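The structures come next, written out as structure tokens.
Each of the next two complexes has chain A plus one other chain: chain B in the first, chain C in the second.
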Partner chain A sequence: MGLVNPDFTDRVNRPEGFNAAACMNCGVCSAVCPMGIDLLPRKLFRYVLLGFEDKVLANSETIYSCLLCRMCEANCPAEVNIAENVRTLRNYINKNVFNI
Partner chain B sequence: MSDRRIGVYICHCGGNISDYVDVEAVREAAGKEAGVVVAKTAMFTCSDATQQEIMEDIRENSLDGLVVASCSPKLHLYTFRDVAKRAGLNPYRYTQVNVREQCSWAHTDDKEGATGKAVRLVRAGIARTLLTDSLEPVIIDTVPRALVVGAGIAGLRAAVGLSDIGISVYLVEKEKSVGGRVAGLGSMYPHGRDGNKLISQLVSEIGKRENIVAYTGAEVVEKSGSVGNFNVRVRVGAYKPQFVDLNVGSIIVATGFDTFQPGAGEYGYGTGRVVTLDEFRDLLDSSGGRPVYNGKEIKSVAYIYCVGSRRDSGVEKAKVYCSRYCCNAAVHASLLAMEKNPRIHQYHLYRDMRTYGRYELLYDQALEAGSTFLRFGEEDPPAISGGPGGRLRVSVKDLLTFGEEVEMEVDLVVLVTPMVPRQNGALVDVLKLPLGKDGFFNEIHPKLRPVETVVDGAFICGACQGPKNSSESVASALAAVTQAASLLKKGYVELEPLMAVVDRDICRWCGECGKACPYGAISKEEYQGAEIAVVSEAICKGCGGCGPACPKNAIDLKGYTDAQVKAMIDALVAEWGHTSLI
Partner chain C sequence: MPTGATIGILADNLKKRNSVLPISTGGATRWARGLDLPRGGETVIYTGLMYQLIPYIAAMSKAQGKVEDSWLADLVGIGRYVNKVVNISAFMAIPPGSMKETFNTMLANIALLLKKAGVEMGYLYGEELYSGALIYDLGADAVFEEHARKVYQSFKKNKVKNVITVDPHTTNMLRSVYPGIIKGYDLNVKSYLEVLFEKNIQPVREIGGEAVIHDSCVYARYENMLNEQRALLAGAGVTVKEPRDSGRFTLCCGGPAESLFPKKAVQQASKRVGQLKEAGCNVVTMCPICYVNLGKAAGSGIAFEDISSYLVRAYLP
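What follows is the complex of A and B.
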């Protein structure tokens, strides 16, 4: 159960340029991920779109384990800037959790 | 022995038939039948060379009957009737026997059986042909005027179209003003132009045309006559009604649709903060700045799709079909809302997103603009309850987030409801137009005859035929214009003479045939001091329903007389020694 929190979505979205709106949940990203990260990126992106801050933060480990290799991005049919979105999320966590 | 001279042609269909039917054996059997003068096979009977050969045979052998055993009459009946006609043989002395669909294609596992069946079918065809008479098409003069029922965007456009072709139009609208649903709409997809402006433009076009007469507050109450020449009575005004009698050659029905009204309490409808998409559009169209509901700015909206549509037939009031316009309309409404308030949060709870064709661009725009889409299964519809601060709490199992329960608090819930058939039973009764199982008017053929109805001369267009957006409605309106005009500009219609005929000496009017006729083609008349039945040639479709109803056996069907049908049955069973089975 999660309560949609548009404020979180806005905080991540607007200043930092997170954009996964075009994602259509096809799953190519998960299939090609060399780390086999199943949360990344589509499930995680849904959490951001719906504003599930706690679920995003609970998966900080996973967010930092991404290699930023862009294999997913190269294969994304919807041209989502996946790696950039992961960076944006790391920025958010750096600022809001680790205060750096 | 018969003194008839019949030619029989058995087609190979390039192997389609001859791979499974021994066409030479069929030819040999046909040649032995009484009255058969020519019996041949051909690789492709429909080819120009064979058509020429048949024509030569008809002329050289003075043939007075023709049988082609090939494919279905739907494909080539008119082809070979035309061959007969060009060779000077009356086309109604032709019989088509279908040995492809009924023999070779149906019995690929049994060549012998397929051949035997083909022989019997050909014998039956010959038997029918032995009893054919020359018939002439029935010619009906047409009146160069048309009636358009319904003055929404489809009816208005149809009226302008007919007028431009030079056909006078009577436009009948039930409401007090013309314009229909579109007149009440602001910005419409995909061009962003206002519905009310489109209607004003059409109305001004109609004003410029002297050959269009419009009646508002008017309804069609009676119709008689038939294709090319209908007499229609229109009631104008409700309190002191006046009646106008119109004589028209064709009728275009463009009576539009109704919108589904959710039941009280369905998704909280009627309890405040829950509106239909129509109501939401009115709200958007009437708000200059940020949209407001009950005095408070709308900061968040949840749209619930497929409310009342795409449900099991068991669900009360709900429709089984997809209304197809609503995904586009809801996504477009969310873009309008975003324009008026860029900070609005919008959630689309859908079952399947069907923004088909170029309207996919609307969906892309909505995604880009920040709308969030969530998907639910038919069995797990969203639930609505009261939330904090008078807002509504919507919860849904979101299939896009892997089935997680998601809750959102919103200011307004918009129910995306389908188009439903308009309840205009009186008009259905007057025009005798058939309804499909969804309750919309039914066309004859969805692909090839999409605006024609079983009532010759009556056409349907727009959303009275099924859910359509306005551009699709106008496209079908113009299709109806073309069909109506092609009928009326010719000045006459030719009808198949395969119709019921009453033996005036036997008939003593009892009315049974009239009750059996689904087209109202049979009426009573005086003949030599007695009352007898008479069949209107303009209305009769030759269905044969009246024949068996007659207690005196006074009705026969031209082209398929009782004698012909009996002869065919005898021929079919001849090799078993049965004769005169009936």
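What follows is the complex of A and C.
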């Protein structure tokens, strides 16, 4: 079980930033990920949309391991901006955890 | 490596020293010696220091790799505080001179090719700044945005209108990322490969042979640039061989993981080297990060060359 932080989703969201509502959880992104990151991005994005901040932060290494290569985006049927979403999460962690 | 401390050091360096890793003005501009490039001008070649920084990034990564799984990695956290006062990354990242020479030659080749194509361009020399690409990728947006404005101001101060970039990451920053954060951004940005293609540069000889092409993810999927490099190689008489996962679906070299996870970067590079070896033994790259990261995992039986090295042999007398 995770702890829901009701403010988390709003704090991650930026006008041009996080957008995963179109994700249909098909798993193509995970299947084609060259790093073999099976968590990214479908579960991770769902955690954000549901407000599970602790689960997102527990997966920091995964978030920073992403190559931002956009292989997932090139194959995503819902045209989710996956790499920019990952970058947005990095920005959130940098600011709120690492004080950068 | 401790993620926060490593990003912190790189971001602090960009903020305080205008570059993620220390590089002297002399070191950054040495490639242009003897090329008689005028200072500034309406059209400039912009290296974004990427080729020049690669030897330093590789040296830093090597140092990180040695301590990645040891107790020494914990000291990086303390290092961030020390680095604010003393530039410790200068001690960690000392590249061999031969490597610096290799990348300087690539830049000189690019400038010579542009001249051959009839491009009149200047160079900002010591005023040229790093684009901030690594800090953008790592998500330190506040630091990046402040730096991007400095870079833009350096162009405006020199009355630059057209920017010719030399690598995919810098091209993407200036063409696709900066316009989203800088109000009134009006620079016309093109990669040198696009410029050479547009200028219809003519070869002086056909060099022949085969080359396996490794597309950069950024050119292929961020900038939709797939034709120019192939056309220029074909014009040089090179038979371009496509590996498994090429073009828009090119497989990443792993380089973007290097600053935080050097071992993961090499693992990914090994996968890609395996695919490239299946297609042939001479590989052409068009990004300095791909070049160095794939080279680390190459082993025997495969050779990498930057596309500029191929092009000079065919297009210059």
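Annotations
To be clear about the criterion, the second predicted complex is superposed on the first by the 95 of 100 C-alpha atoms of A that agree within 3 Å, B and C clash if a C-alpha of one lies under 4 Å from a C-alpha of the other, contacts with A are read in each partner's own complex, and residues count from 1 in each chain.
The definition used in the following text is that a contact is a pair of C-beta atoms (placed from the backbone, for glycine too) under 8 Å apart; a residue touches a chain by one contact, two chains touch by 3 or more.
All values derive from a computational prediction rather than experimental measurement.
After superposition onto chain A, the partners chain B and chain C occupy separate space and fit alongside each other. After the superposition on chain A, the angle chain B-chain A-chain C between C-alpha centres rounds to 130°, nearest 10. Within the superposed three-chain model, A:58 lies out of touch with both chain B and chain C [touch as defined at top]. Within the superposed three-chain model, A:25 lies in touch with chain B and out of touch with chain C [touch as defined at top].
In the superposition on chain A, A:47 makes contact with chain B only, while chain C stays out of contact range. In the overlay built on the shared chain, the residue A:87 is in contact with chain C alone; chain B does not reach it. By the touch criterion stated above, A:71 is placed in contact with chain C alone, chain B being left untouched.
Number of chain A residues touched is higher for C, counting chain B against chain C.
Annotation: superposed on chain A, chain B and chain C show a minimal Cα-Cα gap of 22 Å.
Shared contact residues of chain A with chain B and chain C: none. The residues of chain B lying in touch with chain A in their complex are 300, 345, 347, 364, 367-368, 370, 372, 374, 398, 400-402, 404-409. Chain A meets chain C in the complex at residues 16, 34-35, 60-61, 64-65, 67-71, 73-75, 87-95, 97-100. Here chain C touches chain A in the complex through residues 3-4, 7-8, 11, 136-143, 180, 217, 221-222, 248-249, 251-252, 254, 256-257, 260-261, 264, 268, 271, going by the rule given at the top.
Listing the residues of chain A that touch chain B in their complex gives 1-4, 6, 9, 13, 21-22, 25, 43, 46-47, 49-50.
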